[in-house]
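First comes the structure, then the notes that go with it.
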Amino acid sequence: MGKIVSPEFQKAAAEVLAVAASVIEGVDAEVAERSSGTSPRHVVVINALPDSWRNLAENLYSEHAVDYCSMVTGIHWPEGDEERKWEVVYHLMRTGVRDPPIEDGIVRPIIVDPSKLRGASIPLEIEIHVHIPDTTTPSVDSVQDIWIGADWNEKETWDLVGIDFDGHQGMRRVLQPHETPKGYHPLQKQHHLRYHGFEEMYDDVQGFKRKPADVGKIK
Amino acid sequence: MASSDWLDVAGWSEAFSGWSMDNVHNILPSSDIDMQVTIPNTWAWQEPITLGPIFNMQSGFASIQPALESFMHATIMCTVVFTTMMLTMLAIPYIERKFIGRLMDRLGATTALRSLWVGESGVTAGEWWNQLPFGMGAPIGWVVKALNSKWGNSHELETIARVNNRSYHGYWFLLPGFFQAFADFMKFATKEHIVPKNADKVVFEVAPVIIIATTIMVFAFIPFGPHIYAANPELSLLFMMAIFGIAPLGVFFAGWASNNKYTLIGGMRSAAQLTAYEIPLLITVLGVAVLSGSFNIIEIVDFQMGQDQGNVWNIFLMPLGALLFLVTMIAEVERIPFDMPEAEAELVEGWWTEYGGIRWGLMFAAEYMRSYAACILFALFFLGGWEAPFQHTLSDLPAVGGVFTTVFLLTPGMIWVLLKAWLLFAVFVWIRASLHRVRTDQILEFGWRYLLPLSMLNLVIAVFLRLQFWTGEPWELWVPAAVTLVSGGLFVILAIDEDKEALEIQRRPYSTQAVVKASPGSHRE
Amino acid sequence: MAEMWISMGPQHPMTHGLWTLKIKVDGETVVDTEPDLGYIHRGVEKICEARDFTQITTYCDRLCYASANTWSHAYIYAAEDLLEVEVPERAEYIRLVAVELQRIASHLMWLGAYGPDIGNLSVMVWCLREREMMMDLLQELGGSRMHYNFPRIGGVKRDLPHGFAQRARAKLKLFLNRIQEYEALFDESTVFLLRSQGIGYAKPEEMINHGVSGPNLRAGGVNYDIRWAHPYSVYSELDWVPPVERSSIKGADCYDRYRVRVEEMRVSASLVLQALDKMPGGAETYHEPGDPMILAKAPTRAPEGTTGAHHFEDSRGESMFYIAGGGEGRGKQPYRVSIRSPMFITIPYAAKCMIGYKVADIPAIMGSFDPCIGETDR
């Protein structure tokens, strides 16, 4: 049978991490079970305040060997709660990889049976939600220096959603053209998709009813 | 005794020019004309020219007749050689296209044609002939079914036969694709000539001229047969290699003048590479000249052919030299594995990126002309030129010797040269299809550090052989045999360096890394 | 020669997609690089906010067009996490067959593009020829050659067609023989070893910190694969080991990355063969589309406050979808779909790997990381 990480031990490791993370001020962690396929996965879901995010990040990196930043997502909630007008969701992972031994200048991989992994070498998924209250300039501490993988993720988040990252070096547009006007972040909810309603899509598809005054209008 | 065959084009041309000039001479009046004419001086000549007092047209013509004859002869021969070269070169892109297609399991026009009657499970998808009105397509359907039953897919591995292109696909391999070369050339000829905005216009225009002109000039000295050559000076080999080596200058000009960073890099790489490989090439050719005792190409071929001269093809006496010539020529004509200067992967087209239209078409043709020249030279230097394999042995056979002698007499020598050249070009194509591109610094390292000493070694061997074992009589059989066996043995020993165990272990997921790096090349140690 | 910036792209035969790589060269040596992405940014994340959950699958196929099945399945798993759907086991097996066949096709495309980068033109035609076999199989499954729209929330669109198992087995058997031809052309060629060994070293710790995963990471000796680390689907039922290369202490070079992918093709082929053998109900039985054996009933609305996330082992690394529910139509459409593309993170890292090597090494290094710009720009 194919060897996979044992779910019970993954749950135990997740709980260890959640307990340790909850100790930090402003952080609230719990273990959630997600199911897909034949075995459940246990994910550490953390809610953190924006001020304690940096602390939490450093703690995770140094104490819990969370070495891999997967994704940074920015969400705009214009109709959400007061403390949750903006949200940044971080997905981090612990790969559980340690330094493999080196013989004759060649790396010998640690070939382990995944079902025998325990404790700190179990791969974990960590999902961190940072809620930002109502503001026109949302921003969160950057973790670019901890995980370089967060670098382009943060750039993309700022580019598309508009959430800034304090301490981020070299912030620039990555997915949109460099000359995109300042302040234009398309994934914010006030920008509506063209042809949002299907009726409009078929209205004047070829532009016969367009007038010179419509030049430059997006919708 | 110089070798000869019945296709004595040079002789015919000379005879014809002589005959026509003689006729002109005889027609002219032979009486003396009393005249005195003074042509005043102009900007073209400073001194006034005085004709007379006696002017005899016939003897005047007789004094310039040799010059006119040789001029006419030269013109005819240049035309003949150029035409021969262009016509026989048509086989070169054809070989390349067809052979590479076979090597890549891609059949091009033959597959397209065959798809007219072959589909999945012997049923052509859509049965296209049924779309013709009035049921006109029914006979086509019968023909298709008949063709399918004979030349369709094999039914055992139906679903795999679609991709199993290994089987022989029928007799249509010859014609389709033959006229592709003409179509390509016409396309190039009709395209617009675009000069980049800030290009150095003079140099930009001069570069293709240098490349194309020198390449065509090389063919002036290459004899296609014992009597088919445009020029045959005593030192034709030196002339030819000198002209061959001018083209790199044109390449460098082209790279610089295009005002494009890619072409500049390509031009630099090309200049470095061609210079590096020019030297082992020349030393190898020098070895050939030493061994054959002459710098004249026809005499080199005669040396390999003549029963009272060498009587052994040079490849058996200098296998190392032949290999060196092959490798350096592939580098000189910038084919894979040495086509870094025009590598599409990084440089789009390298030094000729900015050229379009007829300039690019002719330079592209020039590259193939250089490959063709390389192949013919190999055939002339190492493969005995216009001698058929085992020509004397076969002719001396007791019973059937007469048949062979007749066949060899009837076949003009040019045929053998062409066959050998085309065969060698197929080897070039084979190498192109199988090997990867070597990086520029690796190419240079290979050229300077490996080929140059080897070519020196080759020269030493050639001198040694010539001095020690050459007595004026044909080579004794044991000399070439020994040289070939020793060289072959060394090649086998050095080339078989596979680590069988490592190759086996690579079959497992956790494979080994080759601890010993392949050499030559620098590896960022 | 002085240092100069050269812009490779956006129109360039090497770049495997539409992006610009600006390199600063000193003669032939690369001194600095700067990648510039976003040329085919189509705004998929924004579009998905206005589409029903079932309509989004087609967009995800088109994220990475060379590896369409892996992306649509990545999305489907995340959507099932959001909507809390249980998938029948037979559907999981069928999905595994589709994903692994797609992985083989994607790696063949990569190898077919990598050869000409280094100068070998023959292998492109050979790999595309084998890819045709995989495309035929995927066409039988999904209906088209490239964008299949194959998985549904709760299962798959339809069952394995009649005779699919027999054809797949025959084709994979042929394919496993053909891999040896590629290895002969690459591994036994000194020129290839010259061009790929010692080039583009990537250290595993750096890779992990940068967020590089998948075959690129496994080339560095790190045995990390989402399929066993954060398990999904039925990989636990099958006998397989992800291929890992032993690299040198300097890191993984292009040769290691190449070998990992060749071995991955073998592993994927064996996974498909095992799945066909072990399918519940047998690979030859056919269920109509919509049969509960292959498709479970799924809710169509996700109320606000629910989220779904899933990490997926894509052909190029770890891809991930994060979906926040509660969008238009009282939850029929997602509020936010966030897509993690492995190549978006790897390309800047690969650009860093090129520094210090020659210009001629750039296609070798870039090609060995297997970029696909469709998923990078989304």
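All chains are identified by letter, namely A, B and C, in their written order; residue positions are counted from 1 within each chain.
Here is the rule we use: a contact is a pair of C-beta atoms (placed from the backbone, for glycine too) under 8 Å apart; a residue touches a chain by one contact, two chains touch by 3 or more.
All figures in this text were calculated on a predicted structure; none of them were measured in a lab.
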{"item": "Core chain by centroid distance, with centroids computed from Cα atoms only", "value": "C"}
{"item": "Centroid comparison with chain C (C-alpha atoms), farthest chain", "value": "B"}
{"item": "Whole-Å gap separating chain A and chain B, where each centre is the average of the chain's CA atoms", "value": "61"}
{"item": "Whole-Å separation of chain centres (CA-atom averages), chain A against chain C", "value": "20"}
{"item": "Intercentroid distance (Cα basis), chain C paired with chain B, Å", "value": "45"}
{"item": "Per-residue overlap in chain B, given as positions that touch at least 2 other chains", "value": "510, 513"}
{"item": "Where chain A touches two or more other chains at once, by residue number", "value": "105-106, 109, 111"}
{"item": "Residues within chain C bordering two or more other chains", "value": "244, 246-248"}
{"item": "Residues on chain C engaged by chain B in the complex (per definition of touch)", "value": "1, 4, 6, 8, 12-14, 25, 28, 115-122, 125-126, 129-130, 132-133, 136, 167, 170-171, 174, 183, 185, 187-195, 197-199, 201, 241-248, 255-256, 259, 263, 267, 356-363"}
{"item": "Complex interface listing, chain C residues touching chain A", "value": "37-38, 41, 43, 45-47, 49-50, 77, 80-81, 86-87, 89, 92, 204, 206, 208-213, 220-224, 227-240, 244, 246-249, 309-311, 318, 320, 322, 324, 335-336, 338, 340, 344-345, 348, 377-378"}
{"item": "Of all residues in chain B, those that touch chain C in their complex", "value": "100, 103-106, 157, 159-160, 162-165, 261-262, 265, 268-269, 336-337, 339-340, 343-346, 348, 432-442, 498, 503, 506, 509-514, 517-518, 520-521, 523-525"}
{"item": "Touch list for chain A against partner chain C, complex", "value": "1-5, 34-39, 41, 43, 67-71, 73, 75, 89, 91, 93, 95-97, 100, 102, 105-112, 114, 123, 125, 127, 147-153, 156, 160, 173-177, 186-187, 191, 193, 196"}
